[in-house]
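Each chain carries a letter (A, B, C and D) given by its place in the written order, and its residues are counted from 1.
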Amino acid sequence: MIVILKKHPDQEKLRALLGGIEALGLKTNYSEGTETTIIGLIGDTTRVDVDAVRANDIVEDVRRVSEPYKKANRRFHPDDSIISVGGVKVGEGFFNVIAGPCSIESEEQLTSIAQEVKRSGATMLRGGAFKPRTSPYSFQGLENEGLRLLLRAREKTGLPIVTEIMSETQLEEFREVDLIQVGARNMQNFRLLKALGTCGKPILLKRGLSSTIEEFLMSAEYIMAGGNDQVILCERGIRTFETAVRNTLDISVVPLIKRLSHLPVIIDPSHAAGIAWMVEPLARTAVAAGADGLMIEVHNNPKAALCDGAQSLTPLQFDGLMRQMRSRVSFEGKQFP
Amino acid sequence: MIVILKKHPDQEKLRALLGGIEALGLKTNYSEGTETTIIGLIGDTTRVDVDAVRANDIVEDVRRVSEPYKKANRRFHPDDSIISVGGVKVGEGFFNVIAGPCSIESEEQLTSIAQEVKRSGATMLRGGAFKPRTSPYSFQGLENEGLRLLLRAREKTGLPIVTEIMSETQLEEFREVDLIQVGARNMQNFRLLKALGTCGKPILLKRGLSSTIEEFLMSAEYIMAGGNDQVILCERGIRTFETAVRNTLDISVVPLIKRLSHLPVIIDPSHAAGIAWMVEPLARTAVAAGADGLMIEVHNNPKAALCDGAQSLTPLQFDGLMRQMRSRVSFEGKQFP
Amino acid sequence: MIVILKKHPDQEKLRALLGGIEALGLKTNYSEGTETTIIGLIGDTTRVDVDAVRANDIVEDVRRVSEPYKKANRRFHPDDSIISVGGVKVGEGFFNVIAGPCSIESEEQLTSIAQEVKRSGATMLRGGAFKPRTSPYSFQGLENEGLRLLLRAREKTGLPIVTEIMSETQLEEFREVDLIQVGARNMQNFRLLKALGTCGKPILLKRGLSSTIEEFLMSAEYIMAGGNDQVILCERGIRTFETAVRNTLDISVVPLIKRLSHLPVIIDPSHAAGIAWMVEPLARTAVAAGADGLMIEVHNNPKAALCDGAQSLTPLQFDGLMRQMRSRVSFEGKQFP
Amino acid sequence: MIVILKKHPDQEKLRALLGGIEALGLKTNYSEGTETTIIGLIGDTTRVDVDAVRANDIVEDVRRVSEPYKKANRRFHPDDSIISVGGVKVGEGFFNVIAGPCSIESEEQLTSIAQEVKRSGATMLRGGAFKPRTSPYSFQGLENEGLRLLLRAREKTGLPIVTEIMSETQLEEFREVDLIQVGARNMQNFRLLKALGTCGKPILLKRGLSSTIEEFLMSAEYIMAGGNDQVILCERGIRTFETAVRNTLDISVVPLIKRLSHLPVIIDPSHAAGIAWMVEPLARTAVAAGADGLMIEVHNNPKAALCDGAQSLTPLQFDGLMRQMRSRVSFEGKQFP
């Protein structure tokens, strides 16, 4: 971290500033120029409050040179992390496809979709039991009954199950879930993140609608700081001015995260586009970008789906997509786990 | 709500669609043209899932004509709501100023700031006990000890207290708080919103960093749907491409919300700008726009603040601001409560 | 400007880099630390290509400490600029209101509106002769005939006239125009900006839909670099994710520009909101923020306007607005010129 | 187009509105419901000013059902357009790679890069003679001398040449250029677009930094409305809140444009990312998305480049990229022209 001082700083304030920095266990490297005087901060600067230093009278500006995250940082963990979800490996070399309905609606619906997506090659089953809906009047999910149906579908198909948690109070009920999803709107629900840091289960962390990549990695860091290294990141589109799609898929996130972090990253093209026909072209770009997998909404009757029908594939469309994916995944030198 | 059909719709699918709509208790108004055929939906359309209807094979598009919120909607509640916070009135005709430190740091700090802002004319005291910080390594607040200090400061000054809740599990601890704040990052933490709907206390709901005004009002609707009508809205800047300020204050939200809703709306210029010197000009625009109040960070030593020091005013600066505000509030024909 | 080097830089490359910088007439201040080595660049760094330096093998990062604009910079020109438009003063202490129709449609229309807005207190007349329309099939303006009608309206009312230029090839035809407007979509039409730099006439430069404040000031710098210091800046809303308004008025631009630059800045609330009823509340915030004026669309029959009818005020509504403005401008200690 | 009326419209105003619509040569389809009354507009609605209709007293809202562009619309031109650039085919089935330096710096530089990129498989040569730079103090290009050097490089390599035009006044000087580029900042320079509509040469139209896809296609429509159907679209990243990349590549634009239009679309990963190492992963996603080609910056000495060095590949890196591209293009069933 570099602190740029204003010209001719008050000497007493300067001593106080240097003292404060050193009190945090950091060394300082003071270099005075004719125009600009700079203090370099050496050591673990993750605890320095940039804004507080910037508020100091004698400070012109403060700039970070290194990233504020440590456990998620590839610098300190050069090898790719491979995370095991119910025995299925996620991470470099493997390509996972998580598929299933937006909302769980009935045992029949879920089991039938689960069997079909498994037959097509999906490696995990998704299904929403608790749904974060913009309107309080929309269907909110089957809740605990939905969780029960997920467990039964796992029994029948052997697929690990993925579902979204809404609050840290639900951890007990999610005990049997293989991969706990944190939704985009909860990416900075820090209480939830902290609780997940000690739950001992793999976490699927979705990027917030307007979160920077640094904030995204800092949320992963929250979970990891608690001792849970099993974090899978998921890009699902960001909010921009464009109205032709529901969200703008930020595909550059894949190479960026691969460079900055060792964590696996997957793409959710269903939420990104919000339109069923666009799932397949976006899924192709995910494979090409180097993503570790996909998360796809599949519904046996999208026209009657209780939520997000517009973006769900039919099992038949999903089967066609998986045929495509197989040759592409193999082209990239990866394999299904 | 209007459903626009594709040309020559399959008659069986059309009957099914009309049946489905009517099953929701709605009437339909079918009008066939040479180019476009339209179904008008009459009745309470808040329960209709627009995306699900749009996914129907025979549907070209679906458009809402009315807003999806009811209890927050001025159409059904033409008079301005006035909300009482610890005896202090918030809403049309009154101008409130909530002031205090970003984080509570010590009893001495909080009491001293509380007494100073009261002397300058603040009508409520804010102070963060639980802090939502981007980094797990940053200061997270004094937590329950902070709540205790807030209560003591209220005793000494008589000012109602405002502080941020992080999770619905804290409701018991927040029993004595006069106005419970929901932070921008929790604006769509639906579990929390639902719990607040039955807590019987006034809520200060901050707009999410990239929330549309409709989503903002829908989050208020979540609280109100549970039976709690005491919601105060707070604009605190949105995320845009501009980097010269921390957030872009969306001042147009004030007249828009005043037109769409009967709820009070206040402005937080400290978080919007992220720069202390810009608090005052933005506060002036808030009064002129018709806002019902301000929320301002004040710190006795911003340079040493444990968070957000860069945007805090000193008590002296705050006193200067309040002098300005008094004449402006009176110019607008409003009064301090 | 500060260049941060990677650890252990190749000494030959370092000599080459230092040589290159000094060849630009800059002095360097080299300071080596245990972790970070920094080169401070002293002198006029506006000619340094930051990206090119950053591409150097041995460079970790490059950061500007000072702004890349000079002539528009308040640092080098502390006093507010006052610009004379056809004898009317624009800038600190004065508040101007430019009013008139979006498009000029006929002599009768323009003259009648011009007389009405003058009576209500407008200080300049606006009217579009050449219209930048998104669709090639929309009305493109009366073109040269529109310019002729503007001159006639000036004769009749004495109001200086403001109209938009589309290309540097039109400069001859705009010879008689008092204030030449550069539209938001042309803010970075650098050929046009250069040509305006030598035209000797006052320029009204509108901010681009997604331009940062720094880019906005750099476009002013283009004009000023050619020798023309008569630039008035105009904020007209930026593009964000919000869809409830046409554009999001960025009111913070007013205090920011007042701090960074000495140039006058006005607000166009008509284009910002895109809705007639919102013009008045936004105009109030402009005065409160410290803007030097407003630009308002007025049409005698907005329902039949050939463009932007939705955001135009009737002359009667404009008269009501001006009544408001008069007391507010006086409250701020300013006057109409 | 659908006009939604307010309840109980004034009958005289309604007659006037219907008359006005019919005067534009449109038929109307009037359907009255108990809650909502709707007028369907039948015919060519591209000339209807939506905002003007919306401003009418009796109108609640207006919605377009069909796209406002015709010549660029796939509905009216179902087959993919194939455009010939100096004998090289661009469009469905062919994959083009346009490569070369950001700025032309000298004959030696340009010729050497041209020969190297040709050897690696580039199908066209790019090079900036006139550079749109944010700062008036930055290098503005070799201008006409640059054009001359491009022609010489074409002679030596046979590659068609692509370069950016800044103003319609330059058309004469660009007579010999094979593909005339319109930069992102000029995407809505309507005078320039109109002039290009009659120039008889292929145009490469880059998407504006914050342009919607509809606006992008409308700008193509401007050129096509003048009679020039040879338009190639180029996505180069959009402006969002993310700061880790220069621009956010909007990869969904490829499938969207392929569905909405028959025009070819290519991707510029160099400007999207602004970082050299990210060019290759983004180029992979372009092929997978179905783009018709790439535009890549290549410089023999990026560290000393006079502009955009940070994002340029060396000829060696470009050669590696092309090796990748060959197998991927063939995987997609396409070929180099």
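Here, a contact is a pair of C-beta atoms (placed from the backbone, for glycine too) under 8 Å apart; a residue touches a chain by one contact, two chains touch by 3 or more.
It should be emphasised that the depicted structure is a prediction, and the values quoted were computed from it without experimental measurement.
Engineer: Within the chain touch network, how many edges lie on the shortest path between subunit B and subunit C?
Structural biologist: 1
Engineer: Of the other chains, whose C-alpha centre is the longest way from the centre of subunit B?
Structural biologist: The chain farthest from subunit B, judged by C-alpha centres, is D.
Engineer: Round to the nearest whole Å and give the separation of the Cα centres of subunit C and subunit D.
Structural biologist: Once rounded, the distance between the two centres reads 26 Å.
Engineer: How many angstrom lie between the CA centroids of subunit A and subunit C, rounded to a whole number?
Structural biologist: For subunit A versus subunit C, the centre distance works out to 40 Å.
Engineer: Need the CA-centroid distance for the pair subunit A / subunit D, whole Å please.
Structural biologist: Result: the chain centres lie 32 Å from each other.
Engineer: Among the residues of subunit B, pick out those that touch two or more other chains and give their numbers.
Structural biologist: 210, 239-241, 243
Engineer: Under the stated contact criterion, what part of subunit A meets subunit C in this complex?
Structural biologist: 2, 4, 27, 29, 31, 33-36, 38, 40, 42, 60-61, 63, 65, 210, 239-241, 243
Engineer: Which bits of subunit C are touching subunit D when the two form their complex?
Structural biologist: 20, 46-47, 49, 51-52, 54-57, 68-69, 132-139, 166-169, 185-186, 188-192, 194, 209-210, 215, 218, 221-222, 225-226, 239, 274, 276, 302-312
Engineer: Within the complex, which stretch of subunit B touches subunit C?
Structural biologist: Listed in rising order, the residues are 210, 212-214, 238, 240-245, 248-252, 254-256, 259, 272-273, 277-278, 281-282, 284-285, 287-290, 328, 331.
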